[in-house]
Structure formats: structure tokens, C-alpha cells
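For reference, chains read A, B, C and D in written order, and residue numbers begin at 1 within each chain.
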Amino acid sequence: MSIALLLEQILNGLQLGVMLFLMAAGLTLIFGVMGLINLAHGSLYMVGAFACATVAAWTGSFWLGLVASLVAAAAAGAIVEMTVIRRLYDRDHLDQVLATFALILIFSEGTRWVFGSLPLYLNIPDLLRGTIPLPGGGRYQIYRIAIIAVGVAVAVGLWLLIARTRLGMRIRAGESDREMIAALGIDIRTLYTVVFAIGAALAGLAGAMVGALQSVQVGMGEPVLILAFVVIVIGGIGSIKGALVGAVLVGLIDTMGRFLLPRAFSVFMDPSEASLIGSAIASMLIYMFMALVLAFRPRGLFATAK
Amino acid sequence: MAEPILDIRQLSKSFGALKATDGVDLDLVPGEIHALIGPNGAGKSTLINQIAGTLRPDTGTIRFLGQVINDLKVPERARLGLGRSFQISSLAPEFSALRNVMLAVQSVQGSSFRFFKPVMRDASLIAPAMEVLERVGLAERARIPVAELSHGERRQLEIAIALALGSRAFLLDEPMAGMGPEGSKTLTGFLDKLREEAPILLVEHDMDAVFALADRITVLVYGRVIASGKVEDIRKDPEVRKAYLGDEQ
Amino acid sequence: MKKLLTAGIVGLSMSVSGLALADDIKVGMITTLSGGGAGLGIDARDGFLLALQMAGADNIEVVVEDDGQRPELAVQIADRMIQNDQVNILTGIIFSNLAMAVVPSAVQQDIIYLSNNAGPSALAGAQCHENYFNVAWQNDNLHEAAGSYANEAGYENVFIMAPNYPAGTDALTGFKRFFDGNVVNEIYTQVGQSDYANEISQIRDSGADAVFFFLPGGMGISFMRQYDQSEIDVPVIGPGFSFSQDILAAVGPGALGVINTSQWNKDLDNEANVAFVAAFQEEYGRLPSLYASQAFDTANLIISAAAKADIADLEAFRAALKEADFDSTRGDFRFGNNNHPIQTIYVREVVEEDGVLTNRIIGTALEDHQDAYAADCSME
Amino acid sequence: MTMNRETIVNISLALLLLAIPLIALQLNSPFYVTLATRMAILALAAVGLNLALGLGGMVSFGHAAYFGVGGYVAGILAHHAFSGLPLDFGLFQVPGTNMMPIIWVVAILVSGLLALFIGAISIRTSGVYFIMITLAFAQMTYYFANSWPAYGGEDGLSIFVRNQFPGVNTLRPLTYFFICYAILLAALVLFAAIRDSRFGAALQAARQNEVRVATVGINANRIRLAAFVISGMITGLAGALYADLNRFVSPSMLSWHMSGEFIVLIILGGVARLYGPVAGAMLFVMFEFLLGGMTDRWQFFLGLVLLGVVLLARGGLVGWLAGRARHG
């Protein structure tokens, strides 16, 4: 194994982590501020990807597609918040799980209705095509580096938003005490809609960016959603910092597990067996990690005080 | 003085820089009502929570019936006979009054892992529970769900549960709170008799009730005991008047 | 009474069409029409129905249902078709795991199962069954051919990769069975995986002189697109279904020049195939895929057997099927002892014709090839 | 005991479920027998979940794990009985079997052990954490089954001939329905007994007010864990029956959609109601069959119905028919 390969794999892990962070940040923000568990977050990821693919196909521009993904996901989020989610804040988690599970069914079947069952494909914009050399002789795809950069930018942006702006102040107030911010005269309904739309837009952005790497199809959000839940449970539900740390940890552990476990097993096993068993264990690795974290810290790494 | 049932020595608890309990000494002897008073934020609830076991003290000892109980958890302390009622009513709201008390009876019998016999046809649970409800005057309301009981009735029910647990001492956290004058009067009369069953550590804001009921009073300010003694002594204590009763003269 | 009546009508239609000899045959087609594998099922359905239409076989009634690529759904549909619709023949399943769920219990209930795609090794060897015929292939066939081609092309170090599930292990085992060189790395990916950055990094680092992969459906498309973007110049070999007509457009220009193995291609020069390709294009306005050709053959096999025997006489009907007396789009076609095909497998290359990506035959990988499991089957 | 409204609703539901296959045979459409069997098995799985979720307030989003493990027990034992090779645990060997009663006992034990392991870690948490952790553990079993090469991995495992029950022919759809129906009734009796018992009292009290339970001296977590294990066992048994119904097991029995469906069944029928799961399973399977027959988009409408139930019609079908629940 060369240094170049190790470096590439670390970048792969980071890229996966960053993508998970975009999903997890919205989930954890929505939970932190509104106390809502939203299973339909993966559907917003899918909405973003479909919007990007459709607009990019119409206009020929990936960038317009990217803008469309943000707008479409934020709009879908706001509409869902105003029609359904709003009625769930005072309900118990069971109702929230069920109602948002119902939303998944509606979103998935609805999308299939409109776009059909066949996957759509989205091309990487010309500007970001190709690879760049890495130290040690490897190469890395520019587009994936761009995804990492976007993730870092979003992390910094979210931090600035929450730490430095009036909206952020309200979000922080909402996290600690809903009644207090009502007392401050903040229109809490609008605040909730805005927070939900921000979370949705981040999910949509992730969906669009990943759509260009993979494919755009119904159900694409579900595996990512479950990983994002693992991320926020590890990080501590409600904590953006926890989401970032959790996402990067999950991304790296998953990538490294798949890469290294088969090699490790091949030391004392037939390579074919080692590859099979190694990849089997690698697919469960992050869940084992989560169980380990929770065994020692039942509220995650960066539990909020609540 | 008789041997204390509950004996607290040098109990301290801090939350960061805040000393919520600061070297508190307190005891409870058979047959008495010992009132714990103090202004808001004096650390009364923190102290009760440490005695009941929901909070762990930093230092000091809590001795109950001669045994140090610092390391025991809430259910274990309850089984030893430390009965507690809450500042905010804490009952199973969907259950009737009777079933709430039956739960306590069942715990005393040490038998929650029984899967088949229906409780509502189990005389060994219903009879003792009804007896206790009668003693607190709730027998007629036994089948009413807690959610439909009045505030005062819930207080009575909490005490009934503590009685059913066979408690050797009661920790009552503001039992009069939110009660009308009529309810307070009934409850005062009830507590007056209750002390014969087991001594009571009473946290209460209603000074009329405190002075009417208490044998001894301990005054807590900023986590410290500033005075402790017979009712008359406390009434006269200048420091108490200054710090707590708001006597500026 | 109802049965008698139907027989009477069939008797009438027989004299008209000259095809039907006996009872109507009811075929249940369970195939994947939604989800990631929908393209395969749609082609299979279209190819099957086209054959019936071309033959004017109105004594064969077909019920089509979508399995959504979910095994438990396929089982439910099979139960319903057997119990309620009283079908005689089942066919259509694309994916091996669904076939493994449906086939063993269906054939036990005296239903004939004709596979137009899935050919899991379990059903070719010890668990072969007289009611089960595979008209497509045994799953390993194309991979074995790819291994044989890799020898011929002079590759010494090959990186091989497949999803971690039985068809995946079968694929790599099949490749290795015929490949004589050195396997530099053998990787099992997750089923349904959509990002292959991890594996591509390992390919870049491996120093292999070719990559052999088996990633069916959307997985293969994602891999090829990402592989193309990563600008690695190691050539790729795959089984024909990773480069079949239905997915080439989605893979895009990255597929150009890729070598793949298949028992069929649209340019195979035999009468049945020329007619099939023309009719398919006419009817559906697109080029037929491998899956369409296999289903087309399956339907023609049923028609040929129905002309010889009555479905009510199961034994005679099975014998008629085994003769495989139909004109296959593949040219020569016969069944081995385990009711799996013995057939020639070709080497194809992806080329561009009139702006459309498609395949061209450039050679033969294995002549009259029979699968490796036939010996384990106790049938004659 | 006088019959209250809920008892009447319950008896009607039980009779209705029994009537479906009998009428189906009269109409010569045996597939409806299979459909009714599916209802009974899904109801059984949901009865298991209802114990944890309805009585104990533990919103497990991972009950597919026990369902699937029960299914795999049936599949694996039957596989070894068929092949004649024993299961090899290294130190000792266990022969396979195709006798349902043995399979059921093993399924109950294995899923109970899994529930004990998962529960012991999960019950330390509450609220959303509990939901997420149970989900994640179920995903772990899903990926395990999916990628472990023995026993078919993602392809699943076929049971070539349905397992046997002494004295009857399980291959007849109606016979198998009766077996499943009898087990469902037994589980309902067990559920009712537990609900009314001391254990049930403590469990329900722990859901309503954890602090209260501790203050009367009962360790709520131990009660919960026991309930969680029993719950997993019942759902595991349902999984074994489901495997024999389909004569097939695959990782999709372990998928999170399955866990979601169990919750849906309970909510549709009525949370914590004795016959809630039965009503829910009957509605769900009917809905799937009827709407699925009419349109491929049936899940879209299922979503709308669910949303309506959650937002407007809380209490589910049993709640609607029988009014609010009563506790003595």
C-alpha cells in the first residue's frame, strides 16, 4: 500500500463525511430547535437531486441546476413544514416518526409518478472535470475536492450564521427555551419555517452534488438518511459541532474499513475469503462504532445540556 | 430526644461555582414534623433530591434508620421506607387512584415480575390499597383516573402512595402548593395525624401551615442552615427575621 | 363445464391459426418493471410479447406483474398466479435472488419455470429440476468467457470486482476458473453501492493491466461513469449485461471501446435474429437488448413445445421443451442435461454507430460452452 | 364479566379474520387464504411490538431485526434439515430440523437473546435516541445478513418445502392459516394477561411517569428490558411463521421499511389496544391488496391515509370503533 493510496482514501473518507454532514446538519438543527425527528429529510435530498438533473437537462447548465436544487428543496421543505410538520411539534416522537414516514411514501411515489422509474444521470460541469495530482504519485478527482470544499464552506457558514447573526441568536434562543423566544416577541412560526427550509436546502444541495457522481433516482435518499441518523446519534442530537465530528468520523471509518479490513484479513486467510468477510464486517463497522460510543456516552459525543 | 430516623451530616453539593447545599446538618426524629423553610433558590429542593436519591451529594453522609444510604438508588431508598411526594404532582395519569396505590403495594410485596394474575382481581393488592385510600379520605374517588382528580386529591393520593409503601419517614415537597384554603385546612388536619405514623420532613411556603404543624423548623438560605430549633425560637430569631421573614426593623 | 367450453373455443381457433393443438397455456410473467432494474424487465416483457405477437400465438395467455425487485413481493405474486390465476408456466424473473425465492417452490408445485435471465449456480447443479429450464445462461457463463478472453488478450495482472452476494461470488469464481494470469486484487463491494471512489483508488494503485468487473444494473452505470471521470487508463472487461443496449446510453462515452462477452448481439447473422431485431425496432422504436433477445427466445421455446405437446401432459410437454426445437436468435441452441443452454459466447466491443452507442462482435470467446455445474446435476 | 364495546369489537375482528379464508375457499379463490395468513402473521409481529411500544412506550424502530432473525432461524434450520449437514459451531454441532415447534422455540430464544443485547444498550437512552439506536441496530443485522456469504446473503434462503407440524399437513394453505391464527390468539391472550398483571402495571406506569415508578421502589429499566425481550420474542416467532408462509427468507425481512410497517400497523389499529395490531394488519394487507390491484401508486395513497390517521384520527381503528381506552 502506497502513501498515495492512503491519501486518496483519506480524501474519499472526507468527501463521504462532508456529504453526510450536509444531511446531518439539517437534521440536527431541526431537532435542536423544534424537537422534531424528520424521517423525510432523505426525500428532500432526492428533491434536490431531481431538481438539479431536470434543470440541468433543460438549460444545459449544471450551475443553474445547483441553484434549482437549493430553491426546490427549500421550497419543498417550507411547504411541508407549513402543511404537515407544524402540526407535529407538540406531538410525541411516535407521531412524528409515523407522519414523516408517510411523507417518505408520498414523496417517493409522487416522484416516481412524475419522473418514472428509470434513473436520471447528471453530468459533472466541465469546469470541475478531470483530476489533479496528489503528492506520492496519486491523482484525485477535482469534483470530489470541490464537494469537500463546499462542505467546509457550509460548516463555516453555519457557524457564522448561528454565532453571529440575529437569526442565529433566535435559533440559539429557540434551542434553549421556546417560551422565552415567544416572550422576546419573535414570530416563532416563521422562525421554524425558515430553519426547516435551511435544513431542507442543505439536504437538497447534498443530493444535487452527489447526483452528478452517482445517479438520480427514487429512494436515493434513504441509505444516506440512515447514515445521517447514525452521524447525529454519535455526535449528539441537536449539536452542529457533533454532526460535523460525527460525519467525518463515520466517513473515515466507513471508507477505511472497506479498504483496510479485507487487506487485514488476507494476512491469515485466503484472499478471496478475506475479501468477502472483510467487506461483510466493513458494512457493519459504523453501527458497531455507534454502539460503542453509546455504551459509554448514551447521549452522544457532544450532547446538548437538555 | 429519641434516636433520629433520618440523620444528615455535613451535606454539600455544588453546581459549578454555585454551592446549592453547603454543610447542612439535619435530623428527623419519630413523631415530629420538621419543617424546612427558606426563600426561593435556597436549595430546599436540591436537598430533598439528595435525600431521596435523585441527586448525589459531593460530600457528607445521609443516614436512614442507622444505615448510610449515600450509595443507594431511588428505588432502593424507597424500599427502605423513605416516602416522597413531589413539588409537581407525579403520578401515573392514566391510572385510577386505586391503581396508583396498588403499584406501591405491589412494590412493597416485591413482586413486579408476575406476568399472569390480573391485578384487578388480586385481593392482596386491592385490599391494602383501599385501606390506605380510606385513611387519606379518597376511598370514594378510588376508581377515578388521576387525570380527573383535583389538585388537592392528587396530593392526598401522593401521601397515600407513601403510606402504602410503609414509609418510615416522609419527604413532602410543598404539599399545600396550589391548594385552596379549604383544601389546605383538610390537608393540615391530615398531616397533623400523619406524624404519628412516621415523621415528616416538610418543605412548605405556606407559613400558617408551617407554624400550625411543625415541631421544629430549619431555615435554609443560600444552601446553608442559618437557624434550626423549636418554632418559637425560630419566630424570634433576629437573623431569620432579617434574612427570610423580611422584617426590616 | 367451463373447462370444456374453453377447450371447444381453442379447438375452433386451432383450425384458424393452425398453431394450437390443445389446452390454452397460461403464462405468468413476474418481472422487474420499477426501481433500478426496471430497464431489464421492460425489455424482457417487450421481447416476450413481441414473439407471441409475431407467431400469432393466441392460445398462450400472459399475465404480467411487477416484482419491484423485491423477493418477498415476487413470492406473493407467484403464490397468487399459481393459486388464483392457475398459470401453467412462470417466467420473467430478472434477478437471481428473486429466482431463488420463487423457483424452488414453484417447480415443486408442478409449475414449469422458464428462466429468461437469472441462472444461479444452485439451480444448475445439485438442485436442478425437471420443471426448470434456463433459456438464457448459467450465471457464470459470460464471466468464464471473459476470463478466457483475458488470457487471449495477454493480460497477466487483472483486478477483479463484484458485489458481495452469491451472483457476485459466482462471477469472480467463473472468471478465475478460466483466467490463467495473476489476480492482483479481488474486491467485493456492497450490493446497491452507488459510490466507487474507494475501489477506483485501489485500482489506480494496483498496477493491474486490466480490470474485470461484474456490477449489474445501476451499480455498473455508476461505476463506469466514475471510472471514466477518474482518468485511469487501465482497460475494462465486463460481462455483456454490463454493456447491454438498455444501459449504454446512461454509461455514456466512457463505455467506448470496452470489451465484453455475450452469447448474443444484434449483428448476429441468422434469420431469426435479423427478423427479431427488425421487428423489435419497428414495434418499440429502440434497439433490442440482450434481455429482449432472451425473453424472445423463451417465448418461442414455449410456442415450439406447445406445437408438439399438450400442457396437461406435463411429461410430454417437458420433453418437447427439452428438444429446444425453435429458431434461436443466437443461432445454435440446445439444452444440456441440467436444462441449461450449451451455446457459443462471443467477444463484443462497444462502438458508436450513427451517434448511438452499441456493440459489435469482434470474436469468439468460448465455443459450444456448457456450464461447470452440469456434472452435479443428476438429470440425464 | 359484561361485554363492553371494545370486547365486542375485538371478537368481531377475530371472527372476521377467521371468516376470510373460509369464505375464500367457498368462492374458490385460495389466494385469499394466503392473504389472511399474512394478516395473522403481521398482526402477531405487531402484537409483539405493541407490548414494547404500546404498553411500555418504547418506540422501537428496529423490530424488523427480531422478525428477520426469527425468519432466518426457520430458514437456516430447514436448510440444514434439507441438506442433512449439521450446523457447525466449532465446539459443537446442531442438526437442522423441519419441525415447526422446535423451530419456533429456537426462533423465540434467538430473537429474545438479540433483544436482550440490543435492549440492554438501548434502554439506557430515551426519546429520539431510543428510536435511532433501535433503528441502527436493526440496520446492523440487515447488513450482516446482506453481506455474510453463508445462507445466501442478499439473495436470501429458500425453504423448499414448508416445515412440518406433527399430525397436520402444513402444505394446505388453510391448515397453515389455522396454525398462524391459533398462535396469534395465544399471543393476544398472553398480551392481555401481561397488560393486566403486576408486571404490566409497572410497565404502563413506567411509560406514564418514570419518576413515580422509581419512587415506589420499582426499577423501571429492568421492567422495560424484560418487556422489550418478550416483545422481541413474539415478533421473532412471527418472523419464523412468515418465512414458512413465503418459504423464503431474505435480508428484506430485516429492512427498516419492515420496522416502519410494524409501527404503521399499530397506529392504524390503535396504540396499546389489545386488537390494535389485528385491526391494523387487516387494514394494511387489504389496502395493499386492493389498492395495489388498482394502481401501482398505492404507496402514495397509503402515505396520504397514514398522514390523515396521524394528524386527524388518533386512536386508530379500534379507538374509532370502541372509544377511548380504559384502565381499571
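As a convention for this text, a residue touches a chain if its C-beta (ideal position, glycine included) is under 8 Å from a C-beta of that chain, and two chains touch if they have at least 3 such contacts.
Everything numeric here is computed off the predicted structure, so don't read it as measured data.
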item: Set of chains adjacent to subunit A and to subunit D; value: C
item: Far-end chain from subunit D, centres as C-alpha averages; value: B
item: Centroid distance [mean C-alpha coordinates] between subunit C and subunit A, Å; value: 37
item: Whole-Å gap between the CA centroids of subunit B and subunit C; value: 77
item: Centre-of-Cα separation between subunit B and subunit A, whole angstrom; value: 49
item: Contacts with 2+ other chains: residues of subunit D; value: 146-147, 149
item: Contacts with 2+ other chains: residues of subunit C; value: 34, 164, 169, 188, 190
item: For subunit A, residues that touch 2 or more chains besides their own; value: 112, 276, 279-280, 283
item: Chains that touch, pairwise; value: A-C, A-D, B-D, C-D
item: Partner subunit D, residues of subunit A touching it in the complex; value: 31, 37, 84, 87-88, 91, 93-95, 97-99, 101-106, 108-110, 112-113, 222, 226, 229-230, 232-233, 237, 276-277, 279-280, 283-284, 287-288, 290-291, 294-295, 298-300
item: Sites on subunit D touched by subunit C in the complex; value: 29-31, 34, 38, 146-147, 149, 152-156, 158-161, 173, 246-248, 250, 252-253, 296
item: Residue numbers on subunit C that touch subunit D, as the complex places them; value: 34, 66, 70-72, 75-76, 79-80, 83-84, 96-97, 100-102, 104-105, 108, 120, 163-167, 169, 188, 190-191
item: In the complex, subunit D residues that touch subunit B; value: 193-194, 196-202, 204-205, 208-209, 211-219, 223, 226, 325, 327-328
item: Touch list for subunit A against partner subunit C, complex; value: 1-2, 4-5, 8-9, 12, 15-16, 112, 117-119, 121, 123-124, 129-131, 138-139, 141, 143-144, 210, 213-215, 217-220, 223, 255, 258-259, 262, 271-272, 275-276, 279-280, 283
